[in-house]
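Below is one structure, written out as structure tokens; comments come after it.
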Amino acid sequence: MLDERLEVENLHLWRGERHVLRGVRFALGRAGCLEVTGPNGSGKTSLLRTLCGLIYPEEGTVLWKGENVRRDLPAFHAALAYLGHEPPLKADLSARENLRYWVGIRRRVAANALDAALERVGASGWCDRLVRTLSAGQRRRVALAGLALLVVPLWILDEPTTNLDAEGQQLVGSLIAEQLARGGLVIAAVHQGLPAAVRDVRRLELPP
Amino acid sequence: MTWTWFHRLASPPYVYALAARLTPWFAWPAALLIVAGLWGGLVLAPPDYQQGDGFRIIYVHAPSAWMSLMVYTTMAVAAAVGLIWRIKVAHAVAASCAPIGASFTFAALVTGALWGEPMWGTYWEWDPRLTSELILLFLYLGYMGLRAGIEDTQRADRASALLAVVGVVNVPIIHYSVTWWNSLHQAPSVMRLDKPAIAPAMLLPLLSMLLGFTLYFVALLLVRLRGEVLARERSASWIREAVSA
Amino acid sequence: MRQFLDMGGYAAFVWPAYLVTLTVVVLNIVWARRALERSRAAARRRLDARGEQP
Amino acid sequence: MSTPGAPAAATLASAATADADAGAGATPVAGAIDAARLALLRDLKLAFRKRGQLVQPLAFFALVTMLFPLAVSPELSRLREMAPGVIWVAALLASLLALEFLFRDDAYDGTLEQYALSGQSLTWLMFAKTAAHWLLTGLPLALMAPLAALSLGAPLASLTGIVGSVAVGSVALSLIGSIGAALTLGMKRSGALLSLLTLPLSLPVLIYGARATQLAISGGPLLAPLELLGALAVLGVTLAPLAAAAAVRISLE
């Protein structure tokens, strides 16, 4: 089987009149972690969404295992987990129900694994409350539990530490470290840098 | 190898220049044919034995109705090409079509009503063709509304292209259903407009008008296309060249 | 001439129909040219805006 | 690793490695049908959590059909003649009213993005969402239609025909509507545009539906229009989710 490897070649993207991505290129192999930095409006989110295949770039390609992701998007998506700015949670479902549907659509998930994931992010105490009653930090934790449950080789995270307290940031760090230890790939857009637990981070700085 | 023409047609600078060069080649024959058609239709053609001179409305109604359908088809084909192969020029063609088609659909409705009054004794008859034409006008308006509602040109292109394709699948169904519905309610005495046989002196001006309008549409399309292509282009050097020219 | 203008009694229908259609024909030419002019102006503006920030 | 809940973390990690050991391709992946079933269940559960929204289109339908006797005349013989038109126009508008909610929340909270990135067929997921929409508006409308029909002077014998025609026709309406709703995603004031896009395409449904209802009331053979309605629904089932999925992807670009 081909190695899990993400390569990006000469990515150009325009949003309206703005040339947002100007020839972005990088390659990331197993256990590789890439930190995408840059000021607001430098196109971090656009880059991540382009990597996911949501946005079609004007020029350039994204290769997964050496093959253009456009050729088999479902297969690429099955190997990928994306967390955007906002945790993708339904306000009128409880945290547990949210995970059951969100993760369940992609893979079968056992009840005890769900419990374990919720406990891991410190959600055991409130995981049966409706998400609308949870704080922003708590929602972020639920999303992290979902991320861990998906068990996919490639994580693409947009500001994973937003709204989290110190302990929550550590949690993000250890989740990423574990993903890397498993040989997974992580690409994260961050403002203040990834938590200390993550070592050997490569950095991609987007110009303003 | 055989695809080079296709690739060149997808290249905005080439299309921009080509459109500018081709426009007069369509515009002048169109003007000639339309003037000839008007002369033939208004002066040379004999009055109809049933409708008298009233039938002369056909020389503007039929070309308008033809335009409304042909433009929609062109738009849908261009939209499908743009959607499948992600060709900007194709989207530019589709975007250029909508206002032209909508205005001629409107003209077809008005001239149809003006023809209806002397023939049916009423301006509006729920005749399947007029009803379909009205629906077509709404399809055009929806298409233009959707374009106007989405700010990002690329997304507007793709969303409206999808709508055009959905519409073109629906147009025959709508037309069939309207005809079916009309057959239930039609009073048998209403006069039909179709003519089984038409004298050459009447037919020739009509053909001249139809061809003239078609060429006129191509010329209009070429002018509009240049604007739409320009709006979608990002290469500064080329835009400078196009604008200064 | 009067006979021609009278259109066998159908003048009230024939002439408005021709008028409407020809108006649409002429308006389309005007609109198309104006749309092209607008795009060219917008392109010029874009070039100027881009010139400021190299 | 000094995070709270260390034992649980160990279980999770071991579960994860077990999956990872089995190879990335061999993780227990849910099938397209399973995914669609879950998406359907999620929408139904959410709808029952927000019952207020559920009742709105039904109340609207009842209200519109009530307005006609007041506006025209209370004479049942005249109302009976109008009943098919009234019922169908009201059903069309009511289902249009509910369409605005079809994707709005999902687009807002990122659910659509996750659907598009799930690796599952977005077409099936759109089909599931449309099915949920029909179960929550089309079916209740079909069940309410007899009440409206009775109040408009339709005979008892006609009611099964009316329920059937509204039930089948509303399938097609939901499917057509899902395309319009997906196309207008991300617009601020999409209500008027949504109706401009959807109503012309719904015309055949209106024509056959009203005809079937009319035949049901007059006691005629309503199989022909009902079959045509069914054909529209089948065509919609095969094509509309595809178009809606494409429209959703465009809206996410």
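Note that the chains take the letters A, B, C and D in the order they are written out, and that residue 1 is the start of every chain.
Note that contacts are C-beta pairs under 8 Å (C-beta built on N, C-alpha and C of every residue); 3 or more make two chains touch, one makes a residue touch a chain.
Just so it is clear, the model here is predicted, and its values are computed rather than measured.
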Pair exhibiting more inter-chain C-beta contacts, B-D or A-B: B-D
Farthest chain (mean CA position) relative to subunit C: A
Cα-centroid distance, subunit A relative to subunit C, in whole angstrom: 52
For subunit C paired with subunit D, centre-to-centre distance based on mean C-alpha positions, whole Å: 43
Subunit B and subunit D: spacing of chain centres that average the CA atoms, whole Å: 34
Rounded Å distance, subunit A centre to subunit B centre (Cα mean): 48
Junction residues of subunit D - those touching two or more other chains: 253
Shared-contact residues (touching 2 or more other chains) in subunit C: 46
Multi-partner residues of subunit B (each touching 2 or more other chains): 152
Residues of subunit D that touch subunit B when the two form their complex: 179, 183-184, 186-187, 190, 193, 196-197, 199-201, 203-204, 207-208, 211, 228, 232, 235, 239, 243, 246-247, 250-251, 253
Contacting residues of subunit D [partner subunit A, same complex]: 1-5, 8-9, 11-13, 15-17, 19-20, 23-25, 27-30, 34-35, 38-39, 41-42, 45-46, 49-50, 105, 109-111, 113-121, 125, 249, 252-253
Touching residues on subunit A, where the partner in the complex is subunit D: 1, 4, 49, 52-56, 74-80, 82, 84, 86-93, 97, 101-102, 104-108, 110, 112-113, 115-117, 119-120, 122, 124, 148, 151-153, 167, 170-171, 174, 178, 182-183
Subunit B residues within the subunit D interface of the complex: 83, 135, 138-139, 141-142, 145-146, 149-150, 152, 154-155, 158-159, 162-163, 165-167, 169-170, 173-174, 176-178, 180-181, 184
Subunit A contact footprint on subunit B (complex, rising order): 86, 151-153, 234
